[in-house]
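In what follows, a single structure is set out as structure tokens and then discussed.
Just so it is clear, A, B and C label the chains in written order, and each chain counts residues from 1 on its own.
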Amino acid sequence: MNPNTDCKIRLTDLSFYYGPRRILDRINASFSEHALTTIIGPSGQGKSTLLTILNRLWEEIGGGRIQGKVEIRLDGHMVDIYRDLHPLDRLRRKVGMVFQEPNPLPMSIYKNVAFPLKLIGATKDWHAVEAKVQSALSQTFLWNEVKDRLHHDARTLSGGQQQRLCIARALMAQPEVLLLDEPTASLDARAAEVIEELLTRLKSTCTLIMVSHYLEQVRRVADQVMELTHGRLNHQ
Amino acid sequence: MRSERCMQSALAAAAWISAAAAVLIFLFMAVLGWPLLGNGDLMQVLCGPWSPMHHQYGIRPMILGTLCIASLALALAVPVSLGCAVFIQVTAPKGLGRALHHLVRLMTGIPTVVYGFVGIFLLVPLVRNLSGHGAGLSILSAGLMLSLLIAPTMILFFVQGLAAVPQSHRQAACALGATPVQQLIYVLLPQARRTLLAGVVLGLGRAMGDTLIALMLAGNSVATPQSILDPTRTLTAHIALIIAADFESPEFRTLFICALILYLMTTLAVAVMRRLAAKPVEIP
Amino acid sequence: MRVAGQRAITAWSWISSLLLTGSVVTVVGFVLIKSLPVLHWRLIFGRTPPLEALWRWAPVTGGLWPAIGGTFFLVITAVGLALPFGLGAGIYLADCADGRLKRGLTLLFDVLAGVPSIVVGLFGFSLTIFLHRYLSARIYPSLLISALALAFLVLPYLIRGTQEALENLPNALRLIAPALGATRMQNIFRVLVPKALDGIAGGVLLSIGRCAEDTAVIMLTGAVASAGLPKSLLGSFEALPFYIYYISSQYRDPQELQQGYGAALILLLVCAVLLATSLILKNLLARRVRGW
């Protein structure tokens, strides 16, 4: 593995604490570009925390403490996201996240997907916005299902559709990395299958890191599997 | 299990007697004001001028006075209160936001009469000197002080409304790179819209119901005010001012019309507020 | 949303907060500075030696003692009258009433909480006239009438405080005693109320504060400028907030005015201490319940 071209994310001596409790213990690992890496392991071991460390979302919840180095290659440069003065909002656009529970915002389907554009003030040219929304929805196999009710409340969609909507929304920011925290855990088998297929296609544009409990699923989709136990991350 | 049933009936009785208090006050006012309500003079009372010398007992100036002072106080207090709530919930550095929240809670305990007292000896001379007009006892003075009285109530309500927005919404926006202020604009404010409006209604109710500030700072003139530097009299101050009159006199009867109007206005405010705030919120 | 807009919103929130903090510091600071020169035993006891006034009830003239005493007795009587009803109604709402009944009662209590105090005062005043005419000619505006009207005023605070304290108890706690065969009332009075006691006490302190600061009710129902310490429930009385109001328009010399500032400071402190204690008690309950 050539670390300069293939490595998208590199963790060096990464430790994480909640109060006195050590969640992660001097982790060293690297994640390959355009691959789907799954992280497995018993619950309560900090798998989700590891994901939120990669987009610094844990800082919004607070109470934690971090040591070590997290580097992500963004726009072709290796960036130490905790030391280099990389703007937080930019980082979070480049490192998208999909949660266990689908979390559409309380607005229409269309507005949900266009939301990331609104954040960067790129909604002036509404033709372009529409094109991008359609493209993101098509990419997540959702366009045909929702094209007639784009202006309905997003919460009227089924669970699987909501989750795909959230992925489409994350894709709008053109992320280089997509973090997935058990994205199919709250869905039925059929909806999960659709999402799995979607994820394998996304590998061409993104580096995917997914936390999963389902070994079946892991076997089907993962390029790389890591197990998190007792604060250590081991290759499988 | 006789004691069991006794206890339960005692509790129920306490609840019903307390509830009856609200109705009793209304009925008392309605019955005592009835002679005026009943014989068709109501319009004259509501719309006429106040001039006991000419046997005119209209309360239009007081209704106007109440509306002027309350809306001025609201216009001043709403932007500041919203700003403070945003500060506490979104923009403040952690410790500072909590400190302001505590301060606001303590502010709800400042006695109205102290606001009035400080108003007379600090604010009124200031208004008098700055405007160079009249005695300084004016709609402006009362409105300014009143806005300080109602601000904490509204801030606490606003903060509750903003805090009630589900964490998952904030998190979703945050994970997409929304800054705290963007989360406020696109997620918190639209979601808390109804609660915020309810807070404004609550503030309006408080502003209309306050007596001491208007009584001490607004000058209590019964003429219809022309500008905010003119003195005026509110419904509440009107009740406070004429008390030593004969039970049967029309002058005294109008007090009950004033009280009825105040009762109905504040009840309306409560009803609207409960309608707006979908979930039950703690009324500060 | 452009950066400039975001900056403007941040700036506006800071300015609002500074404005509010500045105003309240000005108000409190003004009272404090103006009353500093009179902060002395004489402010309260006038020329009477404090111990004489305290032990032998020696009459105090030229001090705030009668007003403080009046407020004290007024608050005790008012809260004493309201307490059984407030606690009972609060418990009833939290643990006995459901659905439409509960919503209806809460609406009425919210309405009662919204009634302006001057309207409650007018109610008390007309009740006095009514009683004077039809019950006994000995009834005049008095301490008892004021306390009764104030009891109406603080009833909703007591009810809400009790109800909230009980409703904030965890559901798991609610089920323990019934699972062991306790009746509903046993559960309420042996388990739930004792557990929620500090929250309830918080509500009581809050209503004491409301009673102590309210002026509009007592100015219509029996408070006067000079009466000495209250001698009976049916006599008129002095009270701190009324004294402050009275001084603001009727002071005869700068010395009296300064005494007004002193009274304002004392009332401010009393209310602040009551409110702060009530908030702390509420917090204590919340923290204990979370840790339960």
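Definition applied: a residue touches a chain if its C-beta (ideal position, glycine included) is under 8 Å from a C-beta of that chain, and two chains touch if they have at least 3 such contacts.
Remember, predicted model here, so these are calculated numbers, not experimental data.
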item: Chain pair that, of all pairs, has the most C-beta pairs in contact; value: B-C
item: Chain occupying the middle, per Cα centroid; value: B
item: Interchain centroid distance [CA atoms averaged], subunit B/subunit C, Å; value: 18
item: Separation of subunit A from subunit C, taking each centre as the mean of its C-alpha atoms, in whole Å; value: 54
item: Distance from the mean Cα position of subunit B to that of subunit A, given in whole angstrom; value: 48
item: Of all residues in subunit A, the ones touching two or more other chains; value: 118-119
item: Shared interface positions of subunit C, touching two or more other chains; value: 1
item: Multi-partner residues of subunit B (at least 2 other chains); value: 179, 182, 186
item: In the complex with subunit A, residue positions of subunit B that touch it; value: 168-179, 182, 186-187, 190-191
item: Residue ranges of subunit A touching subunit B (in the complex, touch as defined); value: 55, 57, 60, 88-93, 96-97, 99, 101, 103-107, 115-116, 118-120, 166, 169-170, 173
item: Interface residues, subunit C side, partner subunit B - complex; value: 1, 6, 9-10, 12-17, 19-21, 23-24, 26-28, 30-31, 34, 84-89, 91-93, 96-97, 105-123, 125-127, 129, 133, 152, 155, 159-160, 164, 183-185, 189, 209, 212-216, 219-220, 241, 244-245, 248-249, 257, 260-261, 264, 267-268, 271-272, 274-276, 279
item: Interfacial residue positions of subunit B with respect to subunit C in the complex; value: 1, 3-4, 7-8, 10-15, 17-19, 21-23, 25, 28-29, 32, 79-84, 86-87, 90-92, 100, 103-118, 120-122, 148, 151, 155, 179, 181-182, 184-186, 205, 208-212, 216, 236, 239-240, 243, 247, 255-256, 259, 262-263, 266-267, 269-271, 274, 280, 282-283
